[in-house]
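Both complexes below contain chain A, partnered by chain B and then by chain C.
What follows is the complex of A and B.
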């Protein structure tokens, strides 16, 4: 490809594709697509499970091994994070928060292995946001009872009912779209950059541009952005859940 | 046939323009986040001991402020890679 081709744009263009469908089968007339995302998610779940089984095997109370120290550090960090942002009362949520954080960050980081990010499929963040949605409303009903929960929708005046319902629906939508949009924008920009760099390399004839520059961008888009979005998703989840229970937060 | 070609060209061109215009939504979050980060720097300068909490809160605020920009970006991506209008032209 010549530099003039590059300036004119590529003939086949840049196409950003959704996750590939590995296989699809019918279950009672409903087509279920087994996509790349699902396979990679299973791989992540398997890897994390095996890692945790290895970390927690042979635990002792005295003379702990290095891997037990790592396992304890992970558990303490997650519990500390939950207690500092939700309060001691919410300790039970720590496993969910830890699982969400791990899945989200690993789902973004698999792109560094050359796989497609799990979070670049809208189904994944939407699923997590819907679980959070159920937890928010479950917590609300548990504290206020069904009557108090329904009354919350006509608060302060009944005219606010549609606005309140919309704002409840907007919560999972905005949470999932934020996570998805950030990851996908990173993916698109990275693919544009790879395209531009390879075209420039072909025009110049020396492959000095493709070395180093993608690594720096990958550091930002994969590592920093992946970590940041996982953190934000988890923090928002904790904030929404602890807000759903209208009690005063303990100091 | 000729009409279809013209309609296709118009839809593709308008979609490209629309994708570019949608990214104007990046202005708002840019200004807003810059303002938030500036305020966070000020408060860290005033109280360096609270830098951890301020930074954490700032990142979350930035992420929330970013969502309008992300919505614009999604519209732009939709128009570029999964154009919903091109299929409306009768083949």
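What follows is the complex of A and C.
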């Protein structure tokens, strides 16, 4: 679709597609696709790395610059978040939470630049949910030992075993689908809205409908929803891992 | 070519895993490492400042103590000086007084001596007068020349008698 299509009304209706495959190659018989999602992720990583380098360059202890204040604020905020929901013991976990939050929120917000959201590809939130899944079980085993970990599945009675297994599997599935669903539904609704508005424009013959209204909705679906889902995702990650730790978070 | 709308793609998962790791490393080794370092350094500086302030306070307190001690010493010294001065003044005053008294005594003695001498002179003069007067008187009464020297001796004897009797009375 092009801008002119929006103004005239889309000629070929609505088509919501998955991410475009840039190239694909076979590795040991497995087809590896290099998709739009990955390319945009690289751009995000590059931008974030440059931004962080810029923010943290020329740091001083006194008379700090505004960008250093921003860098310190980010670090302190993430530390605060991690410590309040996981305890001081998990302080070292803060960089991962910061990275995950940033990747998720920027992955959603690239849609505002007209790119396809990274998080609108189910594989991205699925990967993060799988990382969380591994961390949950790793933490559980580390704290309770392999015996205590396995015993957890037959708690409080052995009959609960299938339900417990299901509940463990449900965690990453629900996390990834929630994130993906929210972002992609915003994308679908925005596409529908563009279609409807451009159809209305075609009927009325004036282009004013496609200006303004999408911006307001984009504010909700891209900015608010993107922030919200990133926040929910990292909060759940911290809550699950902290829960798997089982120990009381120390003050 | 596009992937299906909802599909699980191994390649994307692997790439996303690597990408997540990369962004994590960027956060850990750029943002957090650097900011942590600067925060630690600042904490160090704050601690150092506090230590310096404590030291300064302690030194100020010891100075104050020394000053108070010095002040107390000075007061004592001042009191000593004053008392010494008082003693000196007392002594000098006494000496002056003594000297004055001595001088006054001398003056008085001298005056007494002078008076005595004058008294003696006056008496001698008076004796002479009286002698002459008595002789003239006697000449006029007896109407005749008498031996002046005999009479003068007689009168002198008489006066001496009076004198001695006066001395005996006084």
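Structure notes:
One rule holds for everything that comes next: the second predicted complex is superposed on the first by the 235 of 251 C-alpha atoms of A that agree within 3 Å, B and C clash if a C-alpha of one lies under 4 Å from a C-alpha of the other, contacts with A are read in each partner's own complex, and residues count from 1 in each chain.
Please note the rule applied: a residue touches a chain if its C-beta (ideal position, glycine included) is under 8 Å from a C-beta of that chain, and two chains touch if they have at least 3 such contacts.
None of these values were measured; they are calculated from a predicted model.
In the superposed model, A:21 makes contact with chain C only, not with chain B. Contact with neither chain B nor chain C is seen for A:63 once the two complexes are overlaid on the shared chain.
Applying the stated contact rule after C-alpha superposition, one finds that A:123 touches chain C and leaves chain B untouched.
After overlaying the two complexes on the shared chain, residue contacts for A:236 are found with chain B alone; chain C is out of touch. By the touch criterion defined above, A:38 lies against chain C but remains apart from chain B after alignment on the C-alpha atoms of chain A. Of the two partner chains placed by the overlay, only chain B lies in contact with A:174; chain C stays clear of it. Of the two partner chains placed around the shared chain by superposition, chain B is the only one that A:182 touches, whereas chain C remains out of contact.
When the two complexes are laid over each other on chain A, chain A has residues 16, 180, 184 in contact with both chain B and chain C.
Against chain A, in their complex, chain B makes its touches with residues 56, 59-60, 63-64, 66-67, 70-71, 73-74, 77, 80-81. On the chain A side of its complex with chain C, the touching residues are 16-21, 24, 30-35, 37-38, 41-42, 44-45, 48-49, 52-53, 55-56, 59-62, 68, 71-72, 74-75, 94-96, 98-100, 102-103, 121-124, 126-128, 130-131, 180, 184. The touching residues of chain C, when paired with chain A in their complex, are 1-17, 19-20, 22-24, 26-28, 30-32, 34-36, 38-39, 41-42, 45. Partner chain B is touched in their complex by these residues of chain A: 15-16, 174, 177-178, 180-182, 184-185, 188, 228-229, 231-232, 235-236, 239.
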